[in-house]
């Protein structure tokens, strides 16, 4: 089956963060491609990627970048379907530079921006977008959310049972 | 036909901005509902809205709010399909409070955030999400983008023809 | 005796910080409950918690959360008595996102916000709120404050006696 | 009956904002005093005020100040019951200076901080603090909240009825 | 003679600011072109512009944009000679979004960034770049700087002569 | 008698703000000079000014500048006695740029920084510096402070007498 | 001889930073006292300190504090001679909270603010203030500045001689 | 051959960052000098440096500084050819202080500012400025850019081949 989500990032130093998008898409059984393309260092390759994305069958692209992060916005300028932007945390400014560079897009060219380093959420959002026309995927997303809820509920119960002192001791082991 | 997009905002003072989402959805021929619900002042009404949204046929919800903006994130906590957040500009902090309150969501619950006051882009993004499974809508979105391009191209030509002094004079009339 | 203060947080990763509220309430002999409830991941559980809080006898709720921190504000939207918000420090933005998400509440729904990671102060503030109608508790609060004063006074004396070079040497041991 | 809430501000230029606290306390039938005392320009008067506040019967003090806003924190250093801080918006920094000066208090001395210019919420919060031991006041607070809800509900209905174009026209009249 | 400097901006709403670059280049007798090209709305036109710039004889490009400002950085990704970026002031964030989007470029692709709305300085900087190999232009730049100095010197003298009260009265006329 | 305080600013557009320093020095009967010198546009004139300042008898220099504000720090690099810096508010960044450019000086070269647009305080601070060895001036400073206190006290009394509604009405006339 | 400079800080956790002020005053042979007084935890002790400071012979007070840093401003409200404020770096906000709390003082009550953690500069500034009426101290300050210059000059020479690669190797040993 | 680029920094603590400018200039075969001059601690030496720079044959100066960074702007005030500013990251404010101090220059005196710690880009920008009149250098710059592109392309291929899990494992070795 053809991939429906393209994951792209500007540098392989973003891979550790961006791989969280891939991981959650695997859990949700959504096909994806993942690649590194620098809009700044290889603009031609980038253009070809963005122009060819619809024909490859991508329905959503997840683009992550840090600093003066142009990859998500430029992808959205070329690719007509939804683009999700992941602002990567930076050492000097904490990622507020990446966030502003991605979210403050001009009228006409939206980028669906998630939290700084929020690649996992980018993956979930991509799945939700596909789920707008895919009942089965929607079901898997709901199961996934139920799982998150249960995880917190279990922690909540444990805290109620053993008290916060004990809980912290176990966490810090 | 049932509305596919719900537009909701926390206060009618946000309506002037949020109506831009409605306007662009009309242009793109996407059915929508628009309403005012305060997650803070009427939490029960809000809960019913968010829980009933899927059954009403909404495929996307656009939620706008300012300051400690909880409406988009709380909608995303309940509604399983994509939620788009519009941070409304604030007088004291320029909307950076709204932006952080909407975009910095925890893992598991994404909100697709657009620019401060970026309701028009929220509308376009909602349409793009629907277009992932609607070729005709995708066609209309491409036409719309072409229109934006032509508008800028026309201005570019005019500037080339009359020069910047004349252009500015006409703009400031 | 029934607990008068509810301490709630969105994630068990906040427990190390939030436990400081519990600790100071113990010192001040104020009954409390402490639990983990994610407004985002388990909105129904959260609603039940907030709605049932008054009947359980809570007079104050302390809510801590980080990032797009909606727990304190949503609690305040449902629970009619005072809600104290603790913004949890975040890795990327230092907690300014948590702070804005908690303090910038719209008219009608106040959250009594304390410093970033200021859970100890949240506990003291909860006690002060109860002390508005409890002379004995007020007495204990004044003793506690006197203790803080003595601690600083002792350090001040020591510094005067041994000089700053010696003082720093001992501190860095 | 003796006033239970003291409202104090550092300058009469803050009165327009701070009077919103007085107004809401009147609605909720809570007795209050309102005065102007500069901690910086009249530190002795300020000390006497803060020291005498408990004997005057104040259960809560609302303190508003802008810029390097020390009034709320210094009041909390002397007065043992709850102090609510209102950061006043500033021309240069939008009030982020006032906010940080009020909310970032050291351990031991909490100030219950509300939004920038959030004096109305400060009044409501003061009432909620008193309501922790006053069932009738709690009743009035709930009525007040119900009123806020109805106001939004009415707007919501109107919007549903006349549509956003008409609604905006009427608002801008 | 062929233009040596290209001035480009993302929207004609930036023209009022960006025309200051053109004005100072005229004073310094440097040939330039000025045009409006949106990297987001017309990416193909933009690519052709940036790729053809060297052949047209441009030695420097001045690019101005606001918000998620990608035009300067994307130009620098394609055009091998110096690109000067002008961050345009924005209503919500004052232009700090534009500044970060332009200045925080990754290693390999510099953009010479000037102050927010600093188009006049962008023009002067372009001239200085050309002056590195053009003694006559360097002479004109020095004359221009001398003129600036004289303007301030004249004001300084006037202030010394008439005093600040009189000076302010005349300024406010 | 020779002037003891030099007031200098980078542009005559700062004069309206900086004249507040002059005004308060007049009230406190401290001799001063006031002038406009741009460290950037006339570096030689600036150097001569800073180098000659001690011989002219200046004991303190007050320097105001906005944006990348180098005048105060460069004065402090040359003049051995205290330099007071006044960060001037800017349109885009509110003066946080001016503040950082003035206050964040490296070890060895302090600038005594006051609030954004705080020229009046700069004048008072200059007087306090001189008052460290001038008992009479110290007396005048104390009188001045007493005057400020009385002004607030009078407002406080008026507010107590006529109530806040009436007070606001009179203020808004 | 009586101390001419008082160094005070809100917490002994600030001592490591604040001791830099003491060290430089020793080098410059200026008598000083150093102590820890919390304006928040021991307001009475603080008041006595600030009120008695002039009689003790202090000509300048250096006050350091972090977060909602009220110590410098409250000292300036009581002590009539110059107060120098040192904003202490904070973990969450980097010290921008401390900086705003100290520098943004209202008209009438200046605090001479130095850089975040800039205690060494606070010491130098205190000396410069005393030097306004003490030629010998001014001489020592000039010698100190000459020493700083020589240190940099020596590094500059070494860099010229051994090249940057060798220089960095030696530095990183 | 005489050096065409001067690299200067305010402190040898900036050398580790600033040496990246030197390294890239070596790769591009551009002659340069590198030195440490503090505009604050040795203003006379600095003035001589800036005034003599043109005669020494410098066509561009790269100046790096942190905090209240005045070196780039003061260099630009004296040297008539292009000055490139490198804002050095700071511990407390992440370098936003350095950035504002360098980029927000007044009209007339541009500094070509690069990213925080962006010394490598400063070197490339200097080379591009020289390349405006040096075809061979332009050729070397294009080769360098091609090299960067190949590096990313190789990573991209590797990722495609071995998958992200394996890629991350190898990176973390």
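Just so it is clear, A, B, C, D, E, F, G and H label the chains in written order, and each chain counts residues from 1 on its own.
In this text, a residue touches a chain if its C-beta (ideal position, glycine included) is under 8 Å from a C-beta of that chain, and two chains touch if they have at least 3 such contacts.
What you are looking at is a predicted structure, and each value in this text was computed from that prediction instead of being measured.
Enquirer: Can you tell me which pair among E-F, A-E or C-D shares over half of its residue-numbered contact pairs with G-H?
Expert: Most of the G-H contacts reappear at E-F.
Enquirer: Name whichever of B-D and A-E has more C-beta pairs touching across its two chains.
Expert: Answer to which pair has more contacts is A-E.
Enquirer: Quick one: subunit D and subunit G, Cα centre-to-centre, how many Å?
Expert: 36
Enquirer: So the centre of each chain is just the mean of its C-alpha atoms; given that, what is the distance between subunit B and subunit G in Å?
Expert: Centres of subunit B and subunit G (C-alpha means) sit 51 Å apart.
Enquirer: In whole angstrom, how far does the Cα centroid of subunit F sit from the Cα centroid of subunit G?
Expert: Using C-alpha averages as centres, the distance is 20 Å.
Enquirer: Any idea how many Å lie between the Cα centroids of subunit A and subunit G?
Expert: 47
Enquirer: On subunit B, where are the residues touching two or more other chains?
Expert: 11, 38, 41, 67-68, 93-94, 96, 103-106, 108-109, 111, 115-116, 145, 148
Enquirer: Under the touch definition given earlier, write down the residues of subunit H that touch subunit F in their complex.
Expert: 10-11, 38-41, 43, 47, 66-70, 73-74, 76-78, 90, 93, 96-97, 100-106, 108-109, 111
Enquirer: Provide the residue numbers of subunit H that touch subunit E in the complex, in ascending order.
Expert: For subunit H paired with subunit E, touching residues are 59-60, 80-82, 84, 99, 103-116, 118, 120-122, 124-125, 128-134, 138, 141-142, 145, 148.
Enquirer: Once bound in the complex, which stretches of subunit B touch subunit E?
Expert: On the subunit B side, the touching residues are 89, 94-96, 115-117, 145, 148-149, 152-153, 155-156, 159-160, 164-165, 167-168, 171.
Enquirer: Residues of subunit C touching subunit A in their complex?
Expert: Residues 11-12, 15-16, 19, 22, 34-38, 41-42, 45, 67-68, 91-94 of subunit C touch subunit A in their complex.
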